[in-house]
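Shared chain: chain A. Partners: chain B in the first complex, chain C in the second.
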Partner chain A sequence: MLRLPEFRYVKAGSLKGAVRALSDLGPDAMVVAGGTDLYPKMKRGQFTPRYLVSLRFLPELKGIRPRGREGMWIGAGETLTALCEHHAIKGIFPSLAQAAGSVSTPLLRNMGTIGGNLFVDTRCNYYDQTFFWREAAGFCLKKDGEICLVAPRSKKCLAVFSSDTAPVFCSLGAMAILVGPGGERRVLLEELYRDDGIGFLTKGREEVLRGVVIPRAAFGVRNVYLKLRRRGAFDFPVLGVAAAMSFSKENICLSARVVLTAVSSCPKVVEGAAAVVVGKRVDRTAIEEAAEVAARASHPVDNADMDYWYRKRMTKVYVRKALALLAGLES
Partner chain B sequence: MSRQGFSIIGKALPKIDAMAKCTGETRYADDLHFSRMVYAKLLRSPHPHALIRAIRTERALSLEGVYAVITGRDLPVRYGISPATEDEEALASEKVRFVGDPVAGVAAASETVAEKALGLIDVDYEPLRPVLSVEEALVAEGELRIHSWNRRANIQKAVSFEFGDVEQGFEQADHIFDETFFYEGNTHLPMEQYCAVAFYGPDGKLTLWSSTQTPHYLHRALSKVLGLPMSRIRVIATPVGGGFGGKSEPFSHEICVAKLSMITGRPVKITLTREECFYVHRGRHPVKMRIKTGVKSDGTLQAMHFQSFLDGGGYSSYGLATVYYTGALQTVVYKLPGYKFEGVRVFTNKPPCGPKRGHGTPQPRFAVEVHLDAIAEKLGMDPIELRLKQLVEPNTVTVNGLRITTTGLRECIERLAAKAEWKKKFRQLPYGQGIGFASSAYISGAGLPIYWNDMPHSGVQIKLDRGGGITAFCGSIDIGQGSDSILAYVVAEEFGVDPADVRVVTADTDLTPVDLGSYSSRVTVMTGNAAIQACRKLKDTLLRAAADALEIPADDLEFAEGKVRCRSFRDRAISFVECVQKAEAKFGTLGAMGSYRPPKHPANYRGSGVGPTPAYSYSASIVELRCDADSAEVKVDKVWIAHDCGRAFNPLLVEGQVEGSVYMALGEALMEEQVFRKSGLHKLPSMLDYKSPTALEMPEVETILVETNDPEGPFGAKEAGQGPLLPVIPAVTNALYDAIGVRIHEIPITPDKVLRALEGRLKPVSVPSFEFPPPIRWQPGEGVEVQQKS
Partner chain C sequence: MEIASETAKTLLEVLREDLGLTGTKHGCELGECGTCAVLMDGKPVLSCLVLGVEAEGADVATIEGMMQGGQPHPLQRAFADLGAAQCGYCIPGILLVAKALLDSNPHPGRDEIREMLSGNLCRCTGYTKILDAVEMAAKGRGDL
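After this line comes the complex of A and B, so read on.
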């Protein structure tokens, strides 16, 4: 089998200690929680850390508190299994339970954490390969190489943002709580991402995600997550649609958020699609128009499973379906 | 299930190794550990096509913990599964022919050190332009020639046959249908990766443990390449964690660990990574096909012209047989008075293709069954009716000289159609839902061995212990299909004892008589017959002892319930143990041998060796599915499958084989593809990215077993391991047409193809233009005489 390279495992006693270790050890250090993304990538030579700072046992990263003062608190160290099986999450934010429950397989969800999924490395068919393969292909921009093998003229890495839970959190307006050497800061989760396959995270290297808060305002919002992939388990999304909508008693749409995943290098908030439906009684025509707007924002390239032409086409289909579900036009 | 007169046969028993597998007791090759053992890794080519100018190994050799480094120079003798096409080297010496072609091997104290050492081997390559398509391969010249031994271009083998009167058949036809198809390549994906351990002892003898389906052929290849007599080599096939055809020939890694052990004097182990398994491959050939059929207005087939173009990859492997198999079995299902077949296999700079479950027949079966579905529709006939009116009859010889013994296909189809409520559903389901049908046939063991010889294909030795224990020795290897269990059942049935009283010792060339291996669905029929012969010889001896002891004539005695007893007065009996002891006292140590060779086949033309078998199994399948009109995603709701297995020794095992075939077929039909980048690099060599169905994709399967009691099979049995895969793939395609009205002529049927087809944008499959050699002509009746039971 592929061998795991040697590394030093650093177990910090507290979140503060972990942050300190990260800044002391410098760029040779990475954090590890569940390790489901990290270890295979180390075996393939995509990540080459000398030190791994463990977040696994930190109590600060634990806990799901559904009805906190500000909203729902979810510790970054909670497993995906804990999320998708949580009674209150299933009741209030079914989209989040769906997204977390759709990540990989039950075994990996038992290990993988929500923090790990929010910051899961971007993926690409030219990058998620062994060292042997990447050497044979000629290395790429994202690791060890100079050019993007998907689009050689692209100056930017086009690796695909592949988190299932990030678009859902973004659709619900979640805040991220980060702890760094300078202390704690909170930021709108979607602001942590940018459309660059390599630098897809705006957070500092030494900052650790403590948890996320879904604001009270999102409670009562209808929400759904739809995922396109080849199989019912195992696969990363090749398209994900997270949608959240609220309605008045007269069934007028008061707010709407549509966030796509796996169509670029970050979660894509499609404001235009939301604008089409807000303030209206949502019918098929409005949904069709919103879906079309969303599809225009979707730019898959030939670096993931399934034909990119097909994936773009499916953006419309999946957004249409998601909005129709929320508007009660489909079940 | 009929159980006439049997005590074990027909019973749903657990496999004899079931508990060991469930509890983790089974020791696979990678579970073997020896003291002083070292670990091997192979350096593989990053180029699809290149000359090797030089290899320097000094730096690797000087690394601490490295015991030996070998290159092609250490193993210069070529080998290959087929004696006519021995074009492989354990390590490429002058040229590499695909990305992943091994060029050097290292033995080191650990896998980590071995891997590090690979990075210190310097190979100077001169890259050549790779040849990646059949079209390019057919015309390749100069440096684009991948091998130099073949006559022209990159053509490994081109064949052409004409059986019956093809011209007249087309003339008499009222309609002629002409279509093209493409079946993408895919790989076996067994759970267990390739693994082998070698130890060359101080006694000058080599032992190789390997996860192999063909220990005997491996034994021969090792001897040839290593220059050791076969008598000094022992091959032990370890329990195979899934083979599906991918472990049925000698491999580089097996030869390399043997050589490395000879150099180091230590046990050497190699376990390939999953990625390497994709490069070793030997899986399903990508095949382009053209099929032209002449039919009467009532649907009767008059003549068929079938062309196949096989993309073989870098080496021959089993390709010689594969190209014939893409043409041989078209005639075995429906009566065909005239048949023309032309096939060609080419070399390309991709991992070599070989045999995978159904070996060369799923591709043409897909084409033929989808083609017939279209013909039925054009003629306004029910596709099942069209087939039922021209099924091949039992005890006949086909137009290409294949001898049919029994066929239960009619019963299969009728029971299947009733179960699935075909008449109620076909063309009656709402848009987006559909039902489709197809049928097929497969061989129960190849009629000829891989290398020409007159010896038996399978041998069984039985030894009786004074305590009543029975040991059966046989070279067959259990690859999960249950061949060890089958051997125990046959022996237990014959001696009237519990299968638990039978021990089987298999797949060890030092201990067991030769069996050619677990390929071509041959084991139940061939080892079963050999075992029965051995048992009956021993029973004669035992009966003589029992007849004396009981004072009853031997022909009034039977073996049952752990006794030898009088048929008419069952109380008059002696226990089996007592009988054994009396016989041993009388005749000395007890043992017997049995062996089996398939019957001679009727045809005698050049190329007639591929296709014959002792008996053909038959299968039919109905698939019901739904296709989302917006996303074109296909979900299979249910598969009904009927299989004529001759006799189900153990219905549980047969159903397991049938369900496994359905699973594999659905993967091939809907998602699996071994595909390459323009650079010749495998696109997705990993379990995550090579899409194979999970348990969630598996629909409900309803299996119907049909028994025809074939005179050639042991207790009437035929095969069950491969045939049931064949009808499922075209049935999926036909069901999709019923659901949404488009026929996809390409496997796998992915959502993007369906969407393109719905929009009329899916291009038809193009086949290369190629001039095949003049045909070998043969008329039925020209062959040799054959008797029935061999």
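After this line comes the complex of A and C, so read on.
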């Protein structure tokens, strides 16, 4: 049996209590929501917390309010199943329902939460292995070792950010609501990420995500999420493309966002691709150019499933397809 | 039922080791196969990724509880009639997930069955018989 190591389980009674526990217990404490990322990683010795502060039973993290004053509120503790089956989400933000519904399997989606999905650890073929495997192969920069086994000359860890829903939320301009020792703050979700396989989150260790708000401005925007992976279930994305576009009555593109996942250590907002199509009647030529720009910004490395050059090539194919779908050139 | 167990034990370990309910199988123990599926408050979950303590107060259904009044559940009957199991290792998980599907949607289409069972790997059957059996049980369940 692959067992969990010893730890102490702290069942927080309130969000404030959870934040206080994180401060009191120090760097040896982590929060756990669904546990679908955390527990496998603890079994493999990738995470070694001595204390787990559970968010599982907190009512403050629950609820989906589709038409709030500011926009759509989604509690961080809602499950992926709740998101992908939600009537209003399917209607207004099909990309979000597609992304949440594409995570792993129905069983895992009943457990995994949206907070856990946004902060899911970065991945790498040399890191997502048992302790035994990693000890035999030599530890890597991200855990217990000193060099990156993918690119030994790299000073930076190249583990891949592989969340399905993060690029979608970023494409819709979502705000994250964080609660920490100093109280609550809101920040544009994309600002919570940086391109570093180890320190991929900019938030404080003691900050807990309460929920996410998709602003009203995103209502009515056309949106789509496309995911590349080997099997139709179980697998993480080896490439994900979230795209959102709005159009005038004359079919001129008013706004566009293209965000990639699994091509670097954070969600990659490709502003250049959006700039190509905004202000234009979007035709095949414009889409081709935008897809080219996106592929140039995509830098997969040899540390996930499928060849990296193939994943880079597929960036162009998937962005082309996503934009064509939104522009009504494909169905 | 009340049980004292170590915090670090998963629900899978509590069921198999502390309660002797070995009908729930263990495979990868990492969320990658679905063989450990149980129903928690009616929903299928992976018991290898739930702590025993997290199941406190929940209604947990395992394969041991699938018979009704000493009679096999229509799904169990259909699997037996069709020979949908080979080695049988994946079947407890598959039966429970299929049960959750039929409980919420008594007449699922083939695609809905396929989607619901997409998280349960089987090394033997090639899946066709499994899908057939769920479809057959759904068609024959006038009484449920």
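One rule holds in what follows: the second predicted complex is superposed on the first by the 331 of 331 C-alpha atoms of A that agree within 3 Å, B and C clash if a C-alpha of one lies under 4 Å from a C-alpha of the other, contacts with A are read in each partner's own complex, and residues count from 1 in each chain.
Heads up, the rule we're going with is that a contact is a pair of C-beta atoms (placed from the backbone, for glycine too) under 8 Å apart; a residue touches a chain by one contact, two chains touch by 3 or more.
On a predicted model such as this, the values are computed, not experimentally measured, just so you know.
Of the two partner chains, both chain B and chain C are touched by A:1. Legend: residue contacts after superposition of the two complexes on their common chain; A:203 is shown touching neither chain B nor chain C.
In the superposition on chain A, contact of A:280 is made with neither chain B nor chain C. Look at A:310: by the touch rule set out above, it reaches chain B but stays clear of chain C. Once the two complexes are laid over each other on the shared chain, residue contacts for A:90 go to neither chain B nor chain C.
With both structures placed on the common chain, the touch criterion links A:20 to neither chain B nor chain C.
When the two complexes are overlaid on their common chain A, residue A:232 makes contact with chain B and with chain C alike.
When both complexes are overlaid on chain A, the residue A:156 reaches neither chain B nor chain C. Of the two partner chains placed by superposition, A:296 touches none, neither chain B nor chain C. Residue overlap on chain A between its contacts with chain B in one complex and with chain C in the other: 1-3, 232-234. Across the interface of their complex, chain A is touched by residues 7-10, 13, 26, 28-32, 34, 37, 43-46, 48-51, 53-54, 97, 115-116, 118-120 of chain C.
Looking at the complex, you find that chain B touches chain A at residues 44, 46-47, 99, 111-112, 115, 271, 273-275, 630-631, 671, 677, 679, 681-686, 688-689, 691, 693-697, 750-752, 755.
Against chain B, in their complex, chain A makes its touches with residues 1-3, 125, 128-130, 132-133, 135-137, 228, 230-235, 305-307, 309-310, 313-314, 317-318, 320-321.
Residues 1-9, 11, 34-36, 39-40, 43-44, 54, 56, 81, 104-108, 110-111, 232-234 of chain A are the ones that touch chain C when the two sit in their complex.
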